[in-house]
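Each of the next two complexes has chain A plus one more chain, namely chain B in the first and chain C in the second.
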Partner chain A sequence: MTTTATSPPPTLHEPDPAAAPQPPRRRLPAVLVAPTLLVLVAALGYPIGWQVVTSLQKFGLAQQFGRPPEWVGLDNYRALLTDTDLWVVVGRSIAFCLICALVTVGVGLGLALLMGAVGRAARLVLQVALLLAWAMPVVASMTVWTWIVNWRNGLLNWLLERVGVDAEGHNWLVQPVSFFVVAAVIVVWMSVPFVALSIYAGLTQLSPEVLEAAEIDGAGGWQRLRLIILPLVRPVISIVLLLQLIWDLRVFTQVKLLQDAGGVANETHLLGTYIYQLGTGAGDFGTASAVSILMLVLTVAISWYYVRSLMKEEPR
Partner chain B sequence: MSTSTVIGTLDDESLPPERTRRQRRRAAHNVEPSSHHRGPVWTALGYVGMVLVVLLVAVPLFWILITSFKDRGDIYVRPAQWWPSPATSDNYHELTTRIPFFDYVRNSVIITSATAVAKIVLGVLSAYALSLLRFPGRSVVFLVVIAALMVPNQITVISNYALVAQLGWRNTFQGIIIPLAGVAFGTFLMRNQFLSLPGEIIEAARLDGAGPMKLLWRVVMPMSWPTLVAFSLITVVNEWNEYLWPYLMSDDETTATLPVGLTFLQNNDGVTNWGPVMAGTILAMLPILVLFLFLQRQMIKGLTAGAVKS
Partner chain C sequence: MSTTALAGSRAPRRSTRRALLTALAVALALVWAFPVYWMLNSAFLDKVTLQRTTPTFLPFGGSFDNFRAIFDDPGFLRALGISLVVTLTTVAAAIVIAFLGALAISRFRFRGRRSFVLALLLIQMLPAEGLFIAQYKMMSGIGLLNNVLGLAILYTAAVVPFTVWMLRGFVAGVPIELEEAAMVDGLSRTQAFLRITFPLLAPGLVASGVYAFLQAWNEFTVALVVMTEEQSRTLPLWLRGFVQASATRETDWGQVMAASAVVAVPVIIFFLVVQGRMSSGLVGGAVKG
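Let's turn to the complex of A and B:
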């Protein structure tokens, strides 16, 4: 790696003013992308291949103990596509993912704008709070959140009682709707820092002259936001939105731990926990693999539009 | 070398205007808060909303901090205690004596730095090739990177586990580090950054005869400094917190990282004593905080370079 970085092929060192301005660099790009490509293909190609093969097999508990798997073609997929359970889970996951991603980006944008508007000290406090929320080990943050919503001695019920709501002993995790509200709050809480800090980094790249000019022209705060700031940070926003959509569709840890903390698992599955339950829980790895592949297809479908626009832009 | 001097003058030329821009930006920042023309009701509502959000972010943090100083018996009392009384450092003592805490710290540092360095180097190099160099198959490579971004880890974990276990790499650093070194997000992020650089400067450097590596090192990297710092921070935080893979790969303190160690602590005996776990959480977040405070200065430094862009 480093050797290629410090000593590029010798021909590149001699600029030839008479010839074309761009020297021939055939091998260099290949050298630069090869390691990345290699690691990606090794770490992802093999698992995907394995998953596709398994999804075409009857791969249950017996196969784990060494019995050769039986080829069943598309049977796993056929069984899945006619299973209403799956479609409920898929619909729920898509709704959950859309809501979480949009709320996360909205709140993140708000916080980024706030960071730009407040003084230096307040900004640092905000940034540190966000960073710590982000840097907290998942085990710890989930523990605290399950404490907060705990029905017996949780902070949430205690606070609600203080302001006069009769919430004593209310278990937020039993009803699927309030379960998903809690899950969404936690998921958003964990991903807002990344979004807010990324958008803030984008905001710092804006030229102050443009904003000043708009202000002189009489543009109010809202107009400046809508007409100048948002279009200019749109690239950042669309990247983080895409990433949030991808990540929120596969959410697992938060939902799993909330289920363990008192949710009704069968009514609160999202794709991530559904796959886990099929595979590790029921030992049906063939079906679990088929659902994983379906999830991959869904992810591609959700990001298709954005990826196509990325591929169309003409790099230099 | 002729090229370096040419690029050097290029840098020098762009410096003075940058300084004034930065001063003007400071001025603009100071003007900002007073210049909301939205009416008092909206402004008040906005502030209330923001206070709520900030509280929502801060309360869990605060709770972990005070729990780490509470007596074991005070953690689960009702009504909840908002302040530890009496405050005790027992949890920190227990954390560092009952489990090999510093072994976990060492493992975390080794694994985080190795994967982060690999990801940053690979990410920058591949993004550079994908954005500013031409070669056959470029869009295919980019497609692979995007595809990698989309593959859920539910797909990769089980089979990678089987593979690494077959190699006999469980409880080894290479078994943890190598599968984590794949970079897709960074390539994606840095590629976008490189594409947003002004074409004139890149072309000028090329016309001056800067080779591709020199172009990257002397022109592209300095101009992308803020994004690079942000990318590094994101990578380090993610690797520091990486949980599932190290957890599957490690059985004990030879390779287990801090988050995994906290789980061991939690499962040590039937009933979890949360005090030491929360103390461990606080200590685990400290290095990230220090790194951020350090990088924060770098980001401000980087802003001057970033100003060239707009």
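Let's turn to the complex of A and C:
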């Protein structure tokens, strides 16, 4: 508030705090946004800047021990372009992200329509169940799921035995394909509640008159869904799909913890765990920074549409 | 809504259909709630029961022994202390900072306002995984690795964009005319704000505080990177220790589930209280169309 110093105090004697000069209206907003800017620049802006700089340097183990980093220009990026390891990870991350996001939105839409079709009691039961799953802390969910899929005495293998699959003692985490199936099931289980409840909230905004009118005009259930309900909730669906794409691209905790629980790390990296391993494992900060920048750019590119749609409602 | 959708003449078909859908809804509810139930159920069972080849689905004959063991574990108590300090610091800092920011963008029109909002929205999208290596280097550079305050700063920056966005909706919901009316009645601007607007914002401040609480309490990724020593583990990192141990040796899952329940139950209660507010903030614009 020291910025008020430029405007002279109106009275020289007995300064009355209630009558103290208002800070000039033009300065006040700057003062109000300053703390936000400060914490964002310190904790996010500076690291991003460091990352951009480091991605242009050779910054490996030698630099960890004090040797000054060497400028290599775009070499890290050029190396990445020809690095098959990275492209496998990028391809895997994108495939995992697309599958999880599409399945999540599909299942979420189904659950939302189901909530609209059943009676109040059944709907409430479903809503409470979804909220419980949504509220679970990620790491707590992961401990439960690692136990369910545990090869020694987990529930999954017992259940499979019951239906006639010879799964006794089978460890689902040691093979990349079954590892990712487990990971995808967990990610979808965690993400569906938000999607289902958001789409359901969108459905409740539809006017019953429109649906009645369609019915009187002879539209069957499927036609009403395809021609009326889906187009009307499309804005909600596209936003939750977009958010899912962004969130599923950055999946880290689930993969990291499944790796910890005995999964094979090298063949199951997604972008997040790959960067983590490059940076804290191999100490190759130059490459880790370049991959991080790639990930940030990818995220901003996907979120651009969402952010722009939110900005449209912003007064100038 | 769609209860009116089917014509009455097809009543028998309609009721079977309805019964099938209800059964499906209940079955799916069980699928989604099951892991939460499984955590609580197993938390009450002892190691011998849990190691049987046939699972035990109801906690009959259970006890609080697992919980007692958790609360006797010095590792848990230390992690609990660290998590509480980090979380409460984050909540306090985020509320104050975001409140000022929200006030600026909803009550003032200033140059750079749109850019500020745009920056907040974009930052909110940035994945921690694309930043944590740089944050790690920064924290180690200034000696804040394994430091509670350092982690709280990173958390505050992570939650502030969304809290500003959320709070600004609350601030905008209080009509400025109320404040002006109070000023006509003789209150100063500050008094009018403190006595009229501020109390009306209380629900918003509580909701954003709970949001910050949930984020900081549950956060795993950044903590994993900057809290490298066992002494400075937060609760999620401490829970991870059990997962790691399960890879190589027989695990007492009853204790792991009790530990998870201790971490999860307060969060679930908090979450149920504020859920409505948070989700409407995320997709509000879309639903309104």
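The definition used in the following text is that the second predicted complex is superposed on the first by the 244 of 316 C-alpha atoms of A that agree within 3 Å, B and C clash if a C-alpha of one lies under 4 Å from a C-alpha of the other, contacts with A are read in each partner's own complex, and residues count from 1 in each chain.
Basically, contacts are C-beta pairs under 8 Å (C-beta built on N, C-alpha and C of every residue); 3 or more make two chains touch, one makes a residue touch a chain.
Nothing here was measured: the structure is a model prediction, and the numbers come from that model.
J.: Which partner does A:F252 reach: the first (chain B), the second (chain C), both, or neither?
T.: Both chain B and chain C are touched by A:F252.
J.: Can A:V181 be said to touch chain B (first), chain C (second), both, or neither?
T.: Neither partner.
J.: With both complexes overlaid on chain A, does A:I228 touch chain B (first), chain C (second), both or neither?
T.: After superposition on chain A, A:I228 lies in contact with neither partner.
J.: Could you tell me if A:I99 is touching chain B, chain C, both of them or neither one (first, second, both, neither)?
T.: Once the two structures are laid over each other on A, A:I99 reaches no partner at all.
J.: Give one of first, second, both or neither to describe whether A:V72 is in contact with chain B, with chain C, with both, or with none.
T.: In the superposition, A:V72 contacts neither chain B nor chain C.
J.: Report for A:M115: first if it touches chain B alone, second if chain C alone, otherwise both or neither.
T.: second
J.: Looking at the overlay, what does A:A265 touch: chain B (first), chain C (second), both, or neither?
T.: After superposing on A, A:A265 lies clear of both chain B and chain C.
J.: A:E209 in the overlay: touching chain B, chain C, both, or neither? Say first, second, both or neither.
T.: Touch status of A:E209: first partner only.
J.: Taking the stated contact definition, name every residue in chain A that is touched by chain B in one complex and by chain C in the other, in rising order.
T.: Shared contact residues on chain A: 22, 25-26, 28-30, 32-33, 35-37, 39-40, 42-44, 46-48, 50-51, 111, 114, 116-119, 126, 128-141, 143-145, 147-148, 152-153, 155, 158, 189, 192-194, 197-198, 201, 204-206, 208, 211-212, 215, 221, 235, 239, 243, 246, 249-250, 252-253, 272, 275-276, 279, 292-293, 295-296, 299-300, 303, 307, 310-311, 313, 315-316.
J.: Applying the document's contact rule, which stretches of chain C touch chain A when the two form their complex?
T.: 1-7, 18, 21-22, 24-26, 28-33, 35-36, 38-39, 42, 50-55, 93, 96-98, 100-101, 103-105, 108-110, 113-114, 116-123, 125-138, 153-154, 156-158, 160-161, 164, 188-189, 191, 217-218, 220-221, 224-225, 236, 239-240, 242-244, 246-248, 250-251, 253, 256-257, 259-261, 263-264, 267-268, 271-272, 275, 279-280, 282-283, 285-287, 289
J.: Quick one: which bits of chain A touch chain C in the complex? Just the residue numbers, please.
T.: On the chain A side, the touching residues are 18, 22, 25-26, 28-33, 35-37, 39-40, 42-44, 46-48, 50-51, 54, 111, 114-119, 122-123, 125-126, 128-148, 150, 152-153, 155, 158, 189, 192-194, 197-198, 201-206, 208, 211-212, 215, 221, 224, 235-236, 238-240, 243, 246, 249-250, 252-253, 256-257, 260-262, 271-272, 275-276, 278-280, 285, 288-289, 292-293, 295-296, 299-300, 303, 306-307, 309-311, 313-316.
J.: List the residues on chain A that touch chain B in their complex, please.
T.: 1, 5, 8, 12-13, 15, 17, 21-23, 25-26, 28-30, 32-33, 35-37, 39-44, 46-48, 50-51, 107, 110-111, 114, 116-119, 124, 126-141, 143-145, 147-148, 152-153, 155, 158, 185, 189, 192-194, 197-198, 201, 204-212, 215, 220-222, 235, 239, 243, 246, 249-250, 252-253, 272, 275-276, 279, 292-293, 295-296, 299-300, 303, 307, 310-311, 313, 315-316
J.: Across the complex, what residues on chain B touch chain A?
T.: 2-3, 21, 24-25, 27-29, 31-33, 35-38, 49-50, 53-54, 56-61, 63-64, 67, 76-80, 121-123, 125-126, 128-135, 138-139, 141-160, 163, 178-179, 181-185, 187-189, 192, 195-196, 199, 202, 206-209, 211-213, 217, 226-227, 230, 233-234, 237, 240-241, 243, 258-259, 262-263, 266, 274, 277-278, 280-281, 284-285, 288-289, 292-293, 296, 299, 303, 306-307, 309-310
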